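Below you'll find the structure, written out as structure tokens, and then a few comments.
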Amino acid sequence: MAGEKKAAKSGGIGNKLKNMTDTNLLLLITVVIFFAMYIAAIIFQGKGFLKAQTFLNILNANAALIILSCGLSIVMITGGIDISVGGVTALVGMCCAVYLDFKGGNVAVAVIIALAIGVAFGLVQGFLVAYLDIQPFIVTLAGMFFARGMTTIVNSSPFNVANEDFVALKGTRITVPGLGSVNKLGKYVDAYVEIGVVVALLVVIILFCVLRWTKFGRALYAVGGNRQSALMLGINVKRTRFFAQLLCGILAGIGGFVYFLHVGSGSPSHASGEEMNAIASSIIGGTMLTGGVGNIIGTLFGVLSLSTIKNIVSSAGLDQAWWTGITTAVMLCLFLVIQSVIMKVRKQG
Amino acid sequence: MRNIHKSFPGVRALQGVDFTLREGEIHALMGENGAGKSTLIKVLTGVYGKDEGQIFIKGKEGEVAIHSPQDAQKVGISTVYQEITLCPNLTVAENMFIGRTAGAVQNWRKMNADTDKILKSLDIPAKATQQLSTCSIAVQQMVAIARAVDMECKVLILDEPTSSLDESEVEKLFKLMRDLRAKGVGIIFVTHFLDQVYEVCDTITVLRDGQLVGQFDIKECPRVVLVAKMLGKELDDTEEIKGDYSTYQGDETESVYEAKGLASNAGIKPFDFYIKKGEVNGFTGLLGSGRSESVRAIFGADKVTGGTVKMKGKSVKITKPIDAMRNGIAYLPEDRKGDGIVGDLSVRDNIILAQQVLRGFMKPFSKAETYKIADEYIKLLDIKTASADTPIKSLSGGNQQKVILARWLFTHPDYLILDEPTRGIDIGTKIDIQKLVLKLASEGMSVTFISSETDEMLRTCSRLVVMRDRKVVGELSGEELTQSKIMSTIAGGDK
Amino acid sequence: VGCGSSDDSASDDSAQTEDTTGDEEEPADDNGDLIKVGIINNDPNESGYRTANDKDLKETFTEENGYDASFAYSLKNDEQITAAQKFIQDGVDYLLLSAADTAGWDSVLQDAADAGIQVILFDRTIDADESLYAASIVSDMDKEGQTAVDWLDSQGLDEYNIIHIQGVMGSAAQQGRTGALQDKVDSTDNWNIVTQQTAEWNAEKAQQIVQSVIDAGQSFNVIYAENDDMAKGAVAALDKANMSHGVDGDVIVMGFDCNKWALEELLAGNWNYDGQCNPFQASYIEEVINTLEAGDEVAEKTIIMEEKGFDATTITQEDVDQYGI
Amino acid sequence: MQTKKAGVGEFFKNLTRQQIFIPLVALALLLIFNLIADPNFFKITLGHNSAGDPVLSGYLITILDSGSELAILAIGMTLVTAATGGQDISVGATTAIAGSVILRVLCGTDSRPDELQAPIIVAFLVACVAAMLFGAFNGVLVAYFKIQPMVATLILYTAGRSIAAWINNNELPIVSDTTFTYFGGFIPGIPIPTPFFIAMICVIVIALVLRFTNLRLYTEAVGINENSSRLNGLNPAFIKILSFVILGLCVAVVGLIKVSRLSSINYSVIAKDIEMDAILAVALGGNALSGGKFNMTASVIGAYVIQCLTTTLYKFNVQSDALPAYKAVVVIVLVVMSAPGMKDFIAGIKKKIAPKKHDVKEVG
């Protein structure tokens, strides 16, 4: 399936491929592979994947990841990285949970708390990375340790949030007309998305516009392409890197809240390993860790691809636990190799 | 600029330099490699902070503070730096406009249209939407120039803009410069081509070893005087150098290297090529005609896709650089920064690298040996470096080139390929290199020499392979070696 | 797998009801006749306990027994939730769930209820309304802890200086086993906690924790580790410092889960106590499913399994063979 | 006064320019802190373990003991970082694989054998081969497919522990042979922990390799400029794969120590999160994570700094799940102190605060 599609594409518009920027080509690859994969899943795994709700559930479950990955794409485009996002997500969730439950506070303030935590991490990490020129990996690794540690200091065990407003917000479902399906009791169930998905899609759209049409967005690419050159072209490199890191922090705050809204509880183990998922999604979506190349729409598809892989694996009904890990890895590997081979082919003309 | 000082660890790059640029003049900034020209420019545009000194600009009260390239742009200074400083991942249009448009929003359509207009007016063979890294170096250089020229500026700085341009493009550039001068723009022009200086410049400032030698009016400063000022000594006449060595005499020996139908995936047409022992030959042609690709194919630097190769009569297989090296071929690449230097490594490591690879993984030179070797070549080629342990990236461009040359000489090759070895090299050194080439040849080394300066080729080569559109279209030797004959072969009678 | 039987759920239902009454006479060759169960479990290589648990489930929910079982494994709550949602979309009949975290399950379970899917919790309870699941088959962790603490109390030491090594914070096992001990320590004067740290079920971390106490020269006479792995790590540190442990030793070693090798340590007198945590829930689950398929109500929502504690002085080889996992 | 200061300043400047200065200072600071807080930290006692063999114990010994695995991994990670400009995040998972292989070979099909089914050395060699193959797999993805290291290794990071479980059919083998415990414990008669010995052997071996081969030059050259390395006859892909294979070897050694410590394995927690610490060790050693030049000694010291910090925190009874927070603070303080940008920044601040003497400000 994937092969056919690819062949058709590269045959028909072979020349066009060559003239595309790396960013656009990578985006195209991701989108094509994603659709190929999804269609293959429908064919081989049947009805579950045909339901719209299955797809919407991927969105529901990954709204937070989409937001986090967007943040990562931005720093990765500038040639940086942020591995604190998973930790920040957990911390945000825990702080909001404690605030809402023990302090009986209101949801708006919780949102502000979430943002404040994101901003704080963004500011500090941005400052250290941009102005003190410390390697972003270390800074954000420390950030991750800090966030994880703080989460257990705030509260070491998980609990559900019972705050009424919050529960209502969490339960709010935006029905998508016409996409529902009949359940096994014969009842028609509307397809729905959670609020988080709306937030995530908004983030994607806004960031897409920012990256594409604002000077700041283009500066991010320039800084990632070649920092020295960007400086000499008259871009304020330090400020750009600072804002990229800050933006990523803020998005981690927002993502953290969306995650919290999705699971409705605070726990130190929340979002563990989420930074790796976010990085992987970004890269699958065509962002280069080396900087200068990347795309927000690609990132969206990166998240979808990664979670579709997991979804396919989990509904394949594997009989041994280890196959879950191994199969996921094999599919990930295939995906990356296809991506890389296409890039190679085009380089050789 | 008054009394500018700037030091790097171990180097005092500028020591009390004064520099004055008047409105509507083209001012040449001259000096040997490592004299401090680029550093002076970078101080002026705020890339480096200065240790001491002041900068004044007409119309501004007192000293101006320039802390970053943005500040420089704001006060009307636009710059083309020596190493092409554009972002390879962006499109041509973006490189043209980034960092200098007003407002927060980028209007792609307008930008692309403007860019296309500029590209067209300057005859640059690129599309606005093309990713910069897919353009050749020359085009990138032109884009950088176009960007600088397009800015509304009072001062335009060009640091060796012509080093990778061919004559027609240089002509275009000069026309531009004259137009700007007429509009009252002051231009600082750095180059190592004396002809170009005399063609467009009004005033000359000479630096030597970070110190100001003086500022001169062009008319009061004939060539010989200028060279003497730059080098601090008289230079022997350039026309003579070929005479110092007995030129290559001919056909008695078999070929050191001989290829039939050689082709690579870089897109050159299959070609035949040979070189004899002690011969100096060269590839000539216009920019982008495939000279570099040809020699890369010989060295196995690009993937070789066809052809047979014989060395000293024995048939060999050269598909990777290491094969070529084992067969005694050495190759000094054209793109010094990308393919030549290993930036963070010391001068010493850079010199021994190739030979070290040849010796093999298990046989490193001892530390003492490496110092000895490095010192020997630093002296031999007169490389200006603070020490053998200095990272090569902090050397001036010309000196980096010499280090790479040292690296290959140290492998004692039978056949040396030099692709633009004199690019960005000062006139004194240029002649030294040419002399060196002839000396090596007289000692029995075969050399292929590529240069964009035809007279340089004429001075050194005894046979020229002419290329057009990635195809070998002719071969000239002996009596045929004249400017006009080369030109007509390049142009090809048909058009 | 699972290509057929996509549309009519009504006939599905009736077929299943019949099937269960007839039970397991012959393996059904049509997938439609099988009861579809989606099983969400923790990663079986987490511990011996989990391995046994997973094996037990696999042996029960086979095609021969009339089930079409899909498994999903994860130690992460959000991944488990995603898997649950996938199973709901796939239209399983029963969702069997051993949740990684106690919190965060309400809305998924609501979805399951909306889709007409019965949820059965096993091994771990969750923090959600009872109406959202059909049954919950769990160990009473509080009781496990209490049994252990009572046993410890019965040892009649003059003073209890305890190194308390906890499991992953927030897991039901940790909460239950910690709770009993904490209460006792709070309420009794001669019970002291020397150090209380989580080793997150990790033997190596437990070793470091105990090592640190030994290096500090603090004295202690009880190691209360919340599972066998961690007890093992702790004992490795004791051995290095030549501190005697087990029956007649200076330090009392306590573990949980009844791994076979742990019971053997008990038998050899190297450890003192091991609390059982019964991983064999599959038969209970099956019973619940049978009841539900028959259209009956489950009498007791929460089914608590029998569990014992073993003392090194009284344990026998038969115990090891029977209860070791 | 002015001149005196300059002299001292010059001395310090030279010292601080040494890359190894940073981890050394970090180590010194930690030790000094402990000295002030509780001199007992430095107490080392000679005792006997339960087998009656002499052993040294004390915090310092604990650091040397438990830091060994990290130090060994730091060696390989430094090379990978230098050659590829990226990091391998699969080392924890591949350690699980290596450990699993060792146990599989030792125990055969029976998970609780009474005697070893194969000599330990054979088991170890098989594990080495396996770990190096997995290393090569990572290397091929990075070198030939040009997948960025962190993502290429994400594949094994995802699959590694599952593969480890699969190798032993998800059973938990236990080795009862006492000689097997020597690698993670003590060799009878030698009171120093064996892991420390093993780490030192690794350090010496790599030092000799760096001294007597061109590994350093090749790796650095490839890490700095791949194109020009190729034109100098190197095979960058091979060098990159080589670095991953060497890391694989380190992983096998670590796997041996880890399973030997408890004579058993837990697939999901063995060497958990060790990859982050290993990368941190490389970074604390002052090595650029973007590749190029490296300092091996500094990385190894960096590893012991991390362990020293962990042990110190344990000593102060910091809640172990909150430990990362404290670690983060110390790490940040250390890197900020050693940051090259710090000097500029302070200079910039000073100039802004001080009355403008000369109008030279920091470059923005």
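Per-chain numbering from 1; labels A, B, C and D assigned in written order.
Simple rule for what comes next: a contact is a pair of C-beta atoms (placed from the backbone, for glycine too) under 8 Å apart; a residue touches a chain by one contact, two chains touch by 3 or more.
What you are looking at is a predicted structure, and each value in this text was computed from that prediction instead of being measured.
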| item | value |
| --- | --- |
| Far-end chain from chain C, centres as C-alpha averages | B |
| Interchain centroid distance [CA atoms averaged], chain B/chain C, Å | 72 |
| Interchain centroid distance [CA atoms averaged], chain B/chain D, Å | 43 |
| Centroid spacing, where centroids are CA-atom means, of chain A and chain C in whole angstrom | 33 |
| Multi-chain contact sites of chain C, meaning residues that touch two or more partners | 43-45, 169, 198 |
| Per-residue multi-chain contacts in chain A, two or more chains | 152, 156, 236, 268, 321-322, 324 |
| Touching two or more other chains - residue numbers and ranges from chain B | 47, 68, 70 |
| Pairwise chain contacts under the document criterion | A-B, A-C, A-D, B-D, C-D |
| Complex interface listing, chain A residues touching chain B | 19, 21-23, 212-219, 221-222, 224-226, 228-236, 292-293, 348-349 |
| Contacting residues of chain C [partner chain D, same complex] | 43-48, 51, 75, 169, 195, 197-205, 207-209, 211-212, 214-217, 229, 232-233, 236, 238-244, 259-261 |
| Residue numbers on chain D that touch chain B, as the complex places them | 212-215, 217-218, 220-221, 224-225, 227-235, 292-293, 358-364 |
| Chain D-facing residues of chain B, complex | 46-52, 54, 63, 65, 67-68, 70-71, 299, 301, 320-322, 325, 331, 333, 338-345, 349, 353-354, 356-358, 360-364, 407 |
| Chain A - residues contacting chain C, complex | 45-48, 51, 53-54, 57, 60-61, 152, 156-160, 170-171, 182-187, 189, 259, 262-273, 307, 310-311, 314-319, 321-322, 324 |
